[in-house]
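This is the structure, below, for whatever I ask next.
Residue numbering begins at 1 within each chain, and the chains themselves are lettered A, B and C in the order written.
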Amino acid sequence: MAEELAAQTQTTGAFGNPPPSGHPLIRRVMVATTVIFLTLFIVIPVVNVFAQALSKGVDAYVRVLHVAGPPVGARLSPAERRKLAAERGQAEKTWSSIRLTAGIAVIVVPLNIVFGLAAAWSVTKFRFKGRAFLIALIDLPFSVSPVIAGLIFVLLLGRSGVLGAWASSFTWPDPFSLHWRGFAQDWWPLAFTRSFTGIIFTPLAIVLASIFVTFPFVARSLIPLMEAQGSDEEVAALSLGASGWRTFRKVTLPNVKWALLYGVILCTARVFGEFGAVSVVSGHIDSNDTMPLRIEKLWNEYNNQAAFGVASLLAFLAIVTLIVQTIVERQTGKSEMRQVEEEGTQ
Amino acid sequence: MSIEVCSVNKTFNQFKALDKVSLKVETGELVALLGPSGSGKTTLLRVIAGIEAADPGSGPILFDGRDVSAQEAGKRRIGFVFQHYALFKHMSVFENVAFGLRAKPWRLRSKEAEIRAKVGELLQLVQLQNFAQRYPSQISGGQRQRVALARALAVEPRVLLLDEPFGALDATVRRELRRWLRKLHRRIHVTTVLVTHDQEEALDVSDRVAVMNEGRIEQFDSPEAIYDSPANPFVFKFLGSYNLFHARKTNAGDAVAASPADAGGVTFVRPHDIEIRRENSDGFGIAARINHIGFAGSLVNVELARIDNDTVVDAALPAHAYKDLGLKPDDRVFIRLRNTRSFDEDFSI
Amino acid sequence: MSENAAAFRSTTHPSRLVPGLPLTLGYTLFYLSVLVLIPLAGMLFKTAQLGWSDFWQTVTDPIVVASYRLTFTASAIAAAVNGVFGLIVAWVLVREPFLGRRLFDALIDFPFALPTAVAGLTFSSLYLADGWIGGLGRHVAGSINGVARLAGFGEVLSADALSWLSFPYSNTNTGIVLVLIFVGLPFVVRTVQPVLRDWDTEYEHAALSLGASRATILRRVIFPAILPAWLSGLALAFARAIGEYGSVIFIAGNIPGKSQIAPLQIVTKLDDFRTAEATAIGIVLLFFSLLMLLAINGLEWWMRRRERAT
């Protein structure tokens, strides 16, 4: 094995110089094409988000989220007062959209983590009838239009939906009506601080639609890795007398932690960014606006700078996602290299 | 066609793969490049093929006296067989062999019927006429290697270059293919260079062997000469198991001084050149004790330890000789050395 | 990544020793039922209630047909553009060292990470007639015509070409194609890239030593090897573009029958509480999505089979 590996690295390492792919001019044109294509379609659009957000200066950028009240003792004309109140109202709506989105993520992501782990465990550690179908089913949301994802919930739970009668009388209790209201109102990011009747056109529907759109991410990033790792280590732990739960925590989880993180990041990014599905079930009600929906409203009100302000927050999140993704990929790459080396020396 | 390589250098990021290598292969000859991994043998083959370019400042590579070092691999009319076959997976055996014929510029391309006839002939030659429509994944390793060979031969190469052609195959298939290659070479008689790290293979199949080490050719000679009179300790050691004595041959006879005090050189002896006797009749024998006896078919491997300094000596003797002597572990015996090779001690092991 | 791991780890048959099947499988099935199976069944139930003639009337309505046509043509064009450029990008990122290669490599995933609404927003502002790039196009077009006029040729570019180059927001559907290119960009690159990375250059040397030209090698040796991955990337990009909604509505004119994509038709119908019609349009779209899913799975199966064969 070691010798073969050495021979491998020799042929692909030192000798593995690919033959030049054609005339130097063609190669240069191809590199230039790549750079221009990616610049036009990725770099400029992303830079543009920040440029537009800051196009009216930092002050205006801050005012997207927060507008201070009138200075103490200032005398404002009624027109000015109205304008200030309108601005404050807008900023408050934007701010609440951020809180709502974060709150949705706080609910959706843990649920999807549990689902992803359970699904990956059942699909990779066992063989049963319908397993392939189950895997395909997990992938389904990726190939369904987000609008349809929203539509199926409307058709199920909407007023004329299949379960419409039940759903429209469903009452979501206010979990914070009794305890620490102050905390709930000021700091609790969820919109679930009041009661709702019905499901569609409430944050509950947004949660459902978000789960539908994002549940594959964690499972999808875990399944290939756990499949490749097999059950040898788990069987070893179990045969040494460890309980199933302990085996999962001490053996499986450490082995898949980077893939899990990767899935969680993708899932979170998508919860924050989902538009179509959420748009359909939100009913265009202001208090149901997540950040992307808020962007649409600001855009439709010709408030471009504010729309880009909110967009810049999401774009920033996307950049963070990419950076973490790169780090995670490097980590998994490293641990794989280590594995290869270890087994190479055996 | 003859191949001549003159003082060729090749470096891969500071690693000197070839160090002023010169080599001349005569027309119709089958030459083996033999050496451990990293010795530069594959690089030399790839430089000859034109897959790898020699460092600037290297001497020319002459095919029949004409410098081809500026030519691309495709123009040199060579047939190259890769260690891992490099058969095109999505093409059938037939298509693989026909590839070189079909890749020719339109004007030079043969007619479809001619291509078919030619491929059929080649598949006949490598005894795979019944496998034409199979895909590489559907045939065995040895068969794949023969397809690779047929593919290389299809373009009527002036030189055949084989990179570890049997490296990935198991021992019996190797031996069979080796014999088959010998026969094939006798039939088509094309100048052939073969890279291998297997001494037995190199000695068995080739007209001449170039032993390589650290980017240099240590010795280039016939298999007999290589084995019987190795030019240096490296060649001796690379060609088989050996015993090492830190001493020079002391007399014209056949024994080595018994004491390490006589240092100043080294002497190598192959295990089968160590003779075991019960008596030290002429006084030249070295006293030793038998540690272990291992059976290896026709030969018996005896591990001994010298009485004077406890150095381990490996001997291999024919089964009948072993029986005659009636050796047992812990017996005290005397050893005598035949066919020793002494070198000055100015090399590093 | 997974293939590498698979190559070096023994995948033994799962053992009976491993516990937790009832719990994990039960939870998985429960979750999937609540979220996927029951809602989908509900949709099918609703569709079944529609009645054939209503259904047919809805989906053959000229405006709806126009929206399908727009969705599919724009998606096909975007996928084709991505097919060509994605191949070049993947090739360059694997084979050509250049300054900033790693950065560009990381950037490829941006369309996955960036919310579609943000993409739509920034593209629409860029490619509007007064946006950075839209303006550029108009200036280029204008100066071409200006030079031609000065040289006495009259106007070389027709009004059509002019409008295409200046990407006016509501008149043409260029913007839709552009944003769909963005959305589908990573698929082709990310499916072809690993195949090219694992590609053994020995094949190219072999073909080269047999006298093949670079064009022949590209056409007969390399391209067949990456074909399944490429097709699968194309299919993924196409499938994604068909369903895309968020980014398109920002840039499209959204004029019914002219620049309204099929998902937008669904949303409009829903907003008008014409749920039945929305369902009918949705079921057709869903049918095509499932068809694409089938095609993609087929391609992946083909790829795996070829990999195993080696």
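Assume contacts are C-beta pairs under 8 Å (C-beta built on N, C-alpha and C of every residue); 3 or more make two chains touch, one makes a residue touch a chain.
None of these values were measured; they are calculated from a predicted model.
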Count the smallest number of chain-to-chain hops linking subunit B with subunit C, moving only between touching chains. 1
Closest chain to the overall C-alpha centroid, by per-chain C-alpha centroid: which is it? C
Which chain is most remote from subunit A in terms of Cα centres? B
Distance from subunit C to subunit B - Cα centre to Cα centre, in angstrom: 54
Using Cα averages as centroids, what's the distance between subunit A and subunit B in whole Å? 59
Taking the mean of the C-alpha atoms as each chain's centre, how many Å separate subunit A from subunit C? 19
Multi-partner residues of subunit C (each touching 2 or more other chains): 200, 202, 205, 208
Residues of subunit A that touch two or more other chains: which are they? 11, 17, 19
In subunit B, what residues contact two or more other chains? 51, 84
Sort out for me which residues of subunit C touch subunit A in the complex. 1-6, 8-15, 17-21, 23-25, 27-29, 31-32, 35-40, 42-43, 45-46, 85, 88-89, 91-93, 95-96, 98, 100, 104, 106-119, 121-123, 125-126, 132-133, 178, 181-182, 185, 200-202, 204-205, 208, 214, 218, 239, 242-246, 249-250, 263-264, 266-267, 270-271, 275, 278-279, 282, 285-286, 289-290, 292-293, 296-297
Residue numbers of subunit B touching subunit C in their complex, please. 49-51, 72-80, 82, 84, 86, 88-90, 99-100, 103-105, 135-137, 151-152, 154-155
Interface residues, subunit A side, partner subunit C - complex: 11-12, 16-19, 21-22, 27, 30-31, 33-35, 37-38, 40-46, 48-49, 52, 114-115, 117-119, 121-128, 134, 136-141, 143-148, 151-156, 158, 160-163, 208, 211-212, 215, 224-225, 227-232, 234-235, 238-239, 244, 248, 266, 269, 272-276, 279-280, 284, 291-293, 295-296, 299, 304, 307-308, 311, 314-315, 318-319, 321-322, 325-326, 329, 332-333, 336, 339-340, 343
Subunit B-facing residues of subunit C, complex: 200, 202-203, 205-213, 216, 220-221, 224-225, 306, 309-310
